[in-house]
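So the structure is just underneath, and the comments pick up after that.
Chain IDs A, B, C and D follow the sequence of writing; residue 1 opens each chain.
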């Protein structure tokens, strides 16, 4: 597929995700980590305007200079920005105005892409598309949070179909031998800078489960008092449980003494065979401790991943998010993409049901802070 | 005017205030004190449904039981409610749905009002209309806050016309003699419970200004370093200035070293002859101290008010908001209306340019906490 | 008594209060409102050094210039100071060093007072003595807080004898007639600036209880669910109850299902006939509401006070702390004494068992914020 | 040395550290991370009473049951405890009382140790001694914080002699080859559970500096605007700098435009040749970025450590504090020692000038959160 077609495809997929929304759903920000959908629509557009059109498209006329302030996310290099917690306070620009901005930029990009960009530029454009795919997943998770925290529990769409979870694999753990393994991206396709360099790691023999922990299994942990016994938890995790009165995964609700979960189709009885999802790292760790096992490291995961299925939800690993040997940041604003988050976060591997098609790799390193749960995140055990 | 016509008139005025808004403007809540306009639209409707239709209109079918939770404000008697700071997190019900709710209730009220309500009920309905008029003023002030804190500074409406400030009265202070004065409401019309009982107070001789302090005069205070000299301030006011880095009234902005103010028509150069507005009690007190004068008590204000013009903005008094002798709360939820706020707030007297027509009286007692500025609030001096 | 003798008497009384303390008790500050005893010892000394010796005693050599920073309380006029919440973080100067400082200043004062100070200066010295008497009461209340919040509940002194509460007066409320009363200090003795000017107020007829509410009576309120029913409370009071999980007066503890109270003699069974004490204004108001009565205003209190006994604990009034007509602040630092606190506080009248001998008057206006309870504060009802 | 002698030696060293303190210095807690010295004295004693004497010494009489509540640190297994932030609010037990407690327990331990404890018990006693040595270092760092944050900047002791920093090694970086290295403790002596198991890691070729970064070098970073340029910092580090207005290492003060540092001997001009100390991980990382280098991992550090000198201050590594392969927690309270902190902390290697003699090993893993600076922590560069 040529770049113009690929651009169009990615950009349209973003709009498809938003199609079921009411105007009001685009606006709100119930917690700091969640951004209003209209902000995502504007920010992904701003990315192409700022990093492609303005520097490289001769004669391009900036749509509105104030939008840099409104739609910049965290790129300190390119100027001031609305602080993250204030995004939900902005009624203007309106949704219609932002879509107009999006159309304007898409038209310019379309013209620009006909001009056969240089290889270096192509790399930047492809980065922009992967950036947009990351925001597509965030759109799903932020929309779920916005609707799932509304007291009316509105469905996102009655037509949303969650991918079927197939028959689980046999329960036998997959065994890998001690030795040196190669980790990290190699090949010709796209990867993020944090997947480089490919390098050797020494792994001890280990075993890893072919299946994710299910809701039924996680319920056993709850029923066994797992949230009330500090011994399973990190000290910081236990503080988090106490302070926030956590007693179940996000989106779980006891209705008339029956567990329900909020889904894109609305509130539904808990589906016991599905993987447990919307779990923090703290909970994943505590569950593993309670089971007498542990989480895999990201290296173990990558070494074994060809032998199991993944993709219903992201899988917490025991690994902290750190640079690979030889990691270097790109110069300028693009260099702010990954490196500056490499502290106090955990790596997640795999993909989730709301990861954009094609936007996953065996070497992909997702990362979040240890208390966060609004992503589709679950548990795979190792020992 | 009969009650049905009066009802219609009040309800339509609320909608007229919102007419210039975009859907998104109805949704956001930039600070806890400001409510999203769609919440006001729903809450004033909920008031009539909850206190009139449900208890008194035989056969009335509640529109949606969940709305009690969403639109209750602070009436603990009538059940749980969305906490105030979360109002801006709700994208549903949508604006259209809330207007549909409003229409439904208006139709029912219309039928109900044809049935000639009892005197007692009439009182409650009239209270509901005055309640809605209070929210009309809040709608104006909340809309101003929402748009005035947007980095794009959009105008509310190019057609909004602020009432002309006439030629100021001669500067001579009005003098009143020492003696016993009668304070509080008497007569047949409507008043709130906090205006009762009419009672005697003993006042020392005092003088009160016929004019409000202007922007030009307030600017002198700023230029004289008023915000940097603790001696003019209460200890608590000085803390407030330091903590919040306050250096001018709300909505004042220095643009290229010229003072501007955000107005319903957008950002404009400061109009020097207008009364200083969006002033906290702390600032009003500090200004008066700096001038070697003081604020009037609410009793002095009421005793003298027939001798000066008022209505451009509310006027802070030195009086704390306390019950008049013989004050009693109504039983039930309506009793929560005023009494429970009678601590740590100051009385404001007069009215403002966004007070609803007819919704002001010489005995009217408005009240806010000492640090708040998003209302139209100004300064009249006494000595 | 001449001024030198009076000076010596007051200063020694402060030291007598501290005599039972261990060195460690002088140091800690469990909450911001409580100051470490060593700070009181130093601050009252600093007052005489700063306002008397340095400006008026020729040739006086300042003890240590750093002490101004350490022992200034809130006098912005006389320079920077350790912020209030940090007082308990200072291990130096040590207690011994501070007593050495105290001795040094006392010696200088002693010499100075032999020189017959001018009338104007005498006023300032007398103010300093009254200031120290106020800190004597704070010493008692702060010591009680420090020891009463220690998990070991150590007694302050086994020898401390709380004044006997005599037989209560007959329960009949005292009745006063409607009319103009005179309020405020007159005469030749000392008074604080906030007791002036004496002025007329108009009071409606009212009744006031001859007795304070007892622990037995307050217990009825608790047992009737008073802390669980929002209807008795101000909205702000109800928030305070919820946020801080308040369910009894300060220092009350349920031990084996029996109510106890921490006293200067240690933890003891609740003495039912004693006045309820360590009550916030919020609680005093809620109790009165529950009883179908109210708190008196400070004017009612003063008008009636010659007809009842007072002094076991301070009595909350319904009056906010505001200036009397004609109130003016003194110039300079001394002017910061009272006026700058005249916002968002309530007046208390009377005296408490730890008020210094002679340090009380029928016109005395004590004041605290509405949530505070570490003072000896109780309830007298009116209607 | 036999165990009784070793016990005595360790216990006496703790008391020697405290010898220069005033009683008041034992009491205060200026921030949550710092504990009052008297708490350390009591807590290390409580450790032996709780884990050795009470379970294993027949007929031992507990000193005071309330002390468990007062001196438990974070062992949830052994009951409730004073919350960490409240330690500085306790004036009782007094310092003398705690030393009496210490003497009582030491006498009992002395008797107990004559009875030739079993091997298993020996292990626990040795753990207790290492635990006390850790608190000895904390005593030094907490005392430094307490005195160094007092506005009078008192010296801890005029006699304290900081170990001489010898001539720096030649500047050439030490080079290590790519390959598999063995990491972790082996041998017969004591180690903590977190140093096990010894295991293989694969390291790429790297270079590591033989010297720590000096004050002079760090000053270049400051003078080059390092604290004002977000590009050198992690996003979370940059937030920390902004929020806390950080502009230099802890204990650095600009006095008359000359840099000074607070030391155990009082405030002194900055010693340029000394290693930069009291640096957070955030700062260490930013400095390395600015230099175009990086911090070593803990594995690189351990692989190279035999080739350079260490011990003036702990050295931040890039490694997160995570379990080694095969790590298991001990059962019971002792199992809370290390494992539950293995999240969101960084490993430090080496030792500092206040580490107890003998309490350091090439495999020792110290760990702290990324923003902390009150430990003696510095920077070694790698590339």
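What we mean here is this: a contact is a pair of C-beta atoms (placed from the backbone, for glycine too) under 8 Å apart; a residue touches a chain by one contact, two chains touch by 3 or more.
Since this is a predicted model, take the numbers as computed values, not measurements.
Considering the contact criterion stated above, no chain is in touch with chain B and with chain C alike. Residues touching across the chain C-chain D interface largely coincide between the two copies, over half of the numbers being common to both. By residue number, the contact pairs of B-C overlap by more than half with those of exactly one pair in C-D, A-B or A-D, and this pair is A-D. Centroid to centroid, with C-alpha atoms defining each point, chain A and chain C lie 57 Å apart. In whole angstrom, the spacing between the mean C-alpha positions of chain C and chain D is 45. Centre-to-centre spacing of chain A and chain D amounts to 37 Å, using the average Cα coordinate of each chain.
None of the residues of chain D touches two or more other chains. Put simply, chain A touches chain B in their complex at residues 22-30, 38, 66, 69-70, 82, 86, 88-95, 146-147, 149-152, 154.
Remark: chain C residues 74, 76-77, 180, 199-202, 204, 230-231, 233-238, 281-282, 285, 294, 318-320, 322-323, 325-326, 335, 340-344, 370 touch chain B in the complex.
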